[in-house]
Structures are given as C-alpha cells and as structure tokens.
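Each of the two complexes below includes chain A, the first together with chain B, the second together with chain C.
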Partner chain A sequence: MLPIGDHTVGMEVTEAGHNVTRVSLSGRLDTSGVDQIETRFVATLVPQGKSAIVDLSGVEFVASMGIRMLISVARGMRQRQAKLALYGVTSLVQETFDSVSLSDIIPIGADERDALQLVS
Partner chain B sequence: MESRDVLTFAGTRPGFERAFRQLRTILDRHNLHPEVRYRCELVFEEVVSNIIRHGYDDDREHRICLVLGVHGNNLELLFEDDGVPFDPRRPMAARPAPPPDSDNGGRGLRLLRSVADRLDYERTPTAHNHLTVAIKPSLSKR
Partner chain C sequence: MTRHFIDEAVDVSGDTLLSLLMVEGHEVGRRFRLGERPVTAGRDSHLDVVLADGEVSRLHCLVSVLDGAVVVEDLGSTNGTFVNSHRISTRAPLSVGSLLRVGEHIFRCERISTRDFERAEEQHRDIQRAASYVKSLLPRPLSDGPIRTEWMLRPSARLGGDALGYQLLHEHTFSIYLIDVSGHGVGAAMLSVSVLNVLREQALPATDVKDPVRVLSTLNTMFQMDRHDDQYFTMWYGVYDSLERTLTYGTAGHHPAYLVPPARGETRPLKASGPVVGAMPEARFQAERTPISAGSLLYLFSDGVFEVRTAERQWRLDDFVPLLAQPVSDDRSECRRLYQEVKSVSRPGPREDDFSLLVVTFP
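Showing the complex of A and B:
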C-alpha cells in the first residue's frame, strides 16, 4: 500500500490462471490516488499483452481521473489483442460508472468468475 | 442551514489535497447517507480539479473558496474562484464528439451533472465564478 496523506491506494498483482493477470486495487481512484498508482498500473498491464481482470471491491471512490486511467489501460491492452474486465464494483462506484456508461467501453462482471469469462 | 462551513485554499494541487482532507473531516461530523457523502466528494473533486487544470491563464496566485451548507441529508456547495469564466450548465463546446474510449471525454462534467440536483452559475462583476451545486438526495435507505 502506498500512503497518500491520510488515505492510501493499493495495488496487488496475482495470477488468475489461464494466462490472465488479476489486479486488486484498493483505496481512492481520485486525482491523488491516480497520480500515485497510474505508472505502475499501466506498466503492469499494457506491455505484457496478457488479458487481465481488475478487482475493485476495495475501491471506495472513483472520480473521472480514475475512469480515464482504466479506459487508457483498456485501450492500450486492446491494441495488443488483450482484454480487460472489471469486477467487485461497489454500489457507490457503480453509480459513477453508470453515469459515464463505462460498461460500454470496459466489460464489468458481477464477480471474478464472470470477469474471467468476459476476458476469455 | 443546520451548519455552514467555509474552506478557503490555494488553487494549487497541494491546496486542493489539503482542502479535500479538511472537507472529509467536516463530512465526518455529519451523519450523512453514504450516497450523499460520495456525491459531495465527487463534486468537490471534479469542480476543484477542473479549476486547477483549466481555470488559470496566468502565473498569479489564486484562491478558491468553498461554502458547504448541510441541512440533514441536503447538501449545497458554493464554489468561488477567480479563474476564467466557466459555466458547467452550458452544452459542451461544439466540436466533434471524442471517441467513447477517449482520454478526454468530458467525463468530469458528466459526473458533476449526474449528481447535482441543481446547478447555478454566475460570473460576478469582480470577475469571479460563483458555482452552486445542490447534491441529489439519496432515494435509498441506509
């Protein structure tokens, strides 16, 4: 976890099997949080050309900067024939995603199994 | 209003981050519905980050003032800044729509509008922006 002021943003990378990377994010994807994590998030997911699922169950807040980061990574992965799916979205964050129709750009699964199917 | 808090801070990234922490401390004092609190933080993030990124066309020091009014779960935020005129109620500039996966799709403005029950804007004679945002109340129970 990377401390930022009085709150933190975290990122954990594991293998989800079937050549899929699992990234678990936590904390706040606002201007400060994105500044702290974007370089590592992009470097982890885009160059490898592997599909990935992102667990957002630990993310409590997402602003437009966080949405921009997710879309940017999804686009970079797509250019390398890799897919990205999100899951574990809390109801508060889901309202934000719905406001900008994010699921039209990045598929969102109900749970991990669902997300794995979306990238298979 | 049951309570009224005023935050005045520098229109810089450090000023923004300090003010955001102060706002969250203020919000902790109120027994707000989680949806209302989330929307309030989203409005603060989108409005202030937009001012800092796009609102200044000189190297002067700038200040931003927020007046937060809380009445139960009804929240109203009044932002005052001395940046360039910007009325978030106006339609987005007439230009080709960016592709849906663009990095710059006007999402901050869409988010602001989505959580606002009311947006009022005035450019004052002293060249300040006055933006009032009433937060949508929650329709769900806790």
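Showing the complex of A and C:
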C-alpha cells in the first residue's frame, strides 16, 4: 500500500539575468503538491512585479489545482505589468496543457532561451 | 467479546476514541465511532454502516475494539474484506492509519479526540445537507425520448467540483453539458452549483442557449477568476437537434467528449477551440457541428475519470479512451462498466479527484 499524500514537490528560485526570476519546479503539482508550495510560489513571483520563467522539466504531473496556481500567478503578475513564461514541459504535462489551451493564457517556450525571449 | 471489555478498551486513552473515516465511497468524510459495541457493515439497512454497493454482502464484516486494538472480521462475504490491499481470511488487526476496503468503499482507521469526533459529526450533517442540495440539481436519467441518459458522479471529497446536466431547450433541441471546477471540496462545489443554476434556469443574460459560443463567452464574462476566489472551470457544452440529428458543441479548456458509433470499435473526439472559463476576459471560443447517427453514444467526463495512478505510472487520456470503444455490457450500465475498468487499474487508496461521467444515447 502506497501511503496517502506521498507527494513531494520541489521549488528552487534563481536569477536568470536581465531582471528575470527563474523558478524550477519538480514533482507532482496536484492538490497535495500545490498545497505545499503555492504560498511560496505566489509570494516569490507576484509582489515583486518582475518577469519570471518557470522551468517545469522536473514536473511529472499537473492537475487542475496546479494549472489554477499557474494561471492565478500569471494574472497577478500581468496586473503588475510583469510577464510569466513556462518551459521544459514534459509530454504528459504538455498533453494536459493542450487540453485546457493553457498556451492561450500563459506563453510556453521550447527551452529557457525561448522562454526568456517570451518575457523580454 | 463482552461489553465491559470493549468499554475498557475505549477508555484507555481518556478523551480520545477510535474511528473509521470513509475516504472513498458514497459518503466520503463520514466517521464511524468504534468501541462502544462491535460495528457491523454490509448492505442490510439495519446495520451500523450501510453500504449501497453491489460488491458488498448483506452482512459483510464486523469491526471491534479488543484490548485497545481494532480488529476486523470478515463474516463470510462473497467479495472479501481487505486490510491495506490484503484480503483477510477471517480476522485481522486494523492498526491506526490502515485502510479497510469493503467493496468500493475504503475507510481509514483513526484515533481522534472525542471533541473532534463530535465536531466532525456536526460538520458531516451540514455537508450532507449541502450534498443533498447539489444532488437535487442534477437531472434524472432519461430512459425514453430523443435522448437517453445515464450518469455517475462520485466526488473525491464530501462535495465535488464537478456538475453535469441536460435539458430540453426548445421543442426538439437539448443542451448537454459537463462542468469541472479546478480542485474539489466545498469551495469548488459552490462555484459549480452557481454555474449549474444559471444553466438550469437559462439565466444567462442576452444569450441564445442554443449557441455554445455565446454560452461559453457569457459564462466567461460572468465567472472571471478574480471575482470567484481564483477558481476557474472547464466545460463541454453541446446542443442536440433531434430533427436535424446534429450536435453543435463548444469546449472551454475541456478535453474532448467522445462519440462511439453503434458498431463500437472506434471513438471520435469532439473538441472545439477555447481556453478555460475565467482565466481571461478576452477569451475566444469556437463551435463545431457533427451529424449524429442512430444508436450512437456520447461520452462526457471529467479529468478525474482518467487521471488516476496505476501501480506503475500516471494514466492519461489516451489510456482511457480505448475503453470507450469496447462493447457495452449486458449486465452493467456503461457508467458502472467504465468506473470498474478504471478502478481495476488504479492503485489502492482513495481517488484524488472527482469521477464524473455522462453517457448519452441517441436512439
């Protein structure tokens, strides 16, 4: 029996240069995972009014709560004239993003360089 | 076991008690107190834990507290009693934190304070009233007329964020829809109920409800995330014209519905372009139209139906869709067939999201 709530998510914040924040996420962005990082994720990105790119190469699964967190942060940043772009999306996660047409709401780059261009 | 013995066992830790918390089943979140007397579970209505579940025997099992420890005893059930995925032969200990499975119902054994238990009981009654209201908004299955319907809605928490519906709009046109609010639980349920009521009462301002693009656009204007606690929802909305035999549909960030012909064996995805409702005011939606042949079945479902974890990996939509094309069962409804198929591959434990499925047959 696998334990309930056996999810762990990781979040690392670094500078990507050109006044852009880089956030690397890992693990499962489901209800439990989002509960663990949402406060920190929002607090890191929204108040500073600085553009950011989010590396999702370590994220294996995104549920609706994870999408809600990303959209919510993108909207908060937009109100502060800051931009958000995602990159490093795995095929399973891309499938989820495609089904909710997430790229209509948040730009998704093929790689870090592409994502930096999207927020520049 | 004597009454004296059981009462002694409960008193061991003062004002705490042992309980079973339903984590999957028809009344997720409900607690059952253990210890005052053996707790009986099964389909019979006179038992302590009544389970309306076809896999459960009339008198299925018994849970007792013996010397401070919980013991579960199978009473010769047909489909067995499971502790942490292992079928027990007759009697087995159920330690705190363990999972007990009876049919499709799963319980976790917990020790909590008497005060918390009483508070949980009160909360349960309130939630039950809310769940009863949500249920009252859902349509009855249709067994006659231009469309036939069956559906299953199993929240993963006590209240879910999914809702579905269908209704006659005008003489020979029907709306058919499914809503999936991000997340689950009370907050998500309140939003899904708001949307459901607007659709049921056709209360969308200046909107032709026979036009999926107008419906989705108006909902998107009404339910922007910043005015609804940062929640969004996905939706599939279709309008069936039984005279023309056409289905016009739009989607808002929702995966496709699937059309399966009478001969089975293949599935046709029905999806139009459009983002989730609430994320951006300027969202644009599109509609598509398809002819409907007699005997076709339409399957609408939430992502909780296929986003399950097997023992090895995360399931995806492509894993689930082939199940839709399989032959219908003689002895089970389509909802039950698909629920059981998904359950059979899912790893043990409670579901992580709501399971909502609507099957529409076009005679």
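Here are some notes:
One rule holds in what follows: the second predicted complex is superposed on the first by the 114 of 120 C-alpha atoms of A that agree within 3 Å, B and C clash if a C-alpha of one lies under 4 Å from a C-alpha of the other, contacts with A are read in each partner's own complex, and residues count from 1 in each chain.
Here, a residue touches a chain if its C-beta (ideal position, glycine included) is under 8 Å from a C-beta of that chain, and two chains touch if they have at least 3 such contacts.
Computed from a predicted model, the values in this text were never measured in an experiment.
The contact surfaces that chain B and chain C form on chain A in the two complexes overlap at residues 30-31, 61, 63-65, 67-68, 71-72, 75, 92, 95, 99-101, 104-105. Those residues of chain C lying in contact with chain A across their complex are 23, 84-85, 99, 108, 180, 182-184, 225-226, 230-232, 234, 253-255, 273-276, 279-280, 283, 303, 307, 314, 316-317, 347-350, 352-353.
Interface residues of chain A facing chain B in the complex, by the touch rule stated above, are 5-6, 30-32, 61, 63-65, 67-68, 71-72, 74-75, 92, 95-96, 99-101, 104-105.
Here chain A touches chain C in the complex through residues 1-2, 4, 30-31, 60-61, 63-65, 67-68, 71-72, 75, 92, 95, 99-102, 104-105, going by the rule given at the top. The touching residues of chain B, counted against chain A in their complex, run 13, 16-17, 20-21, 34-35, 38, 41-42, 45-46, 49, 100-105, 107-108, 110-111, 114-115.
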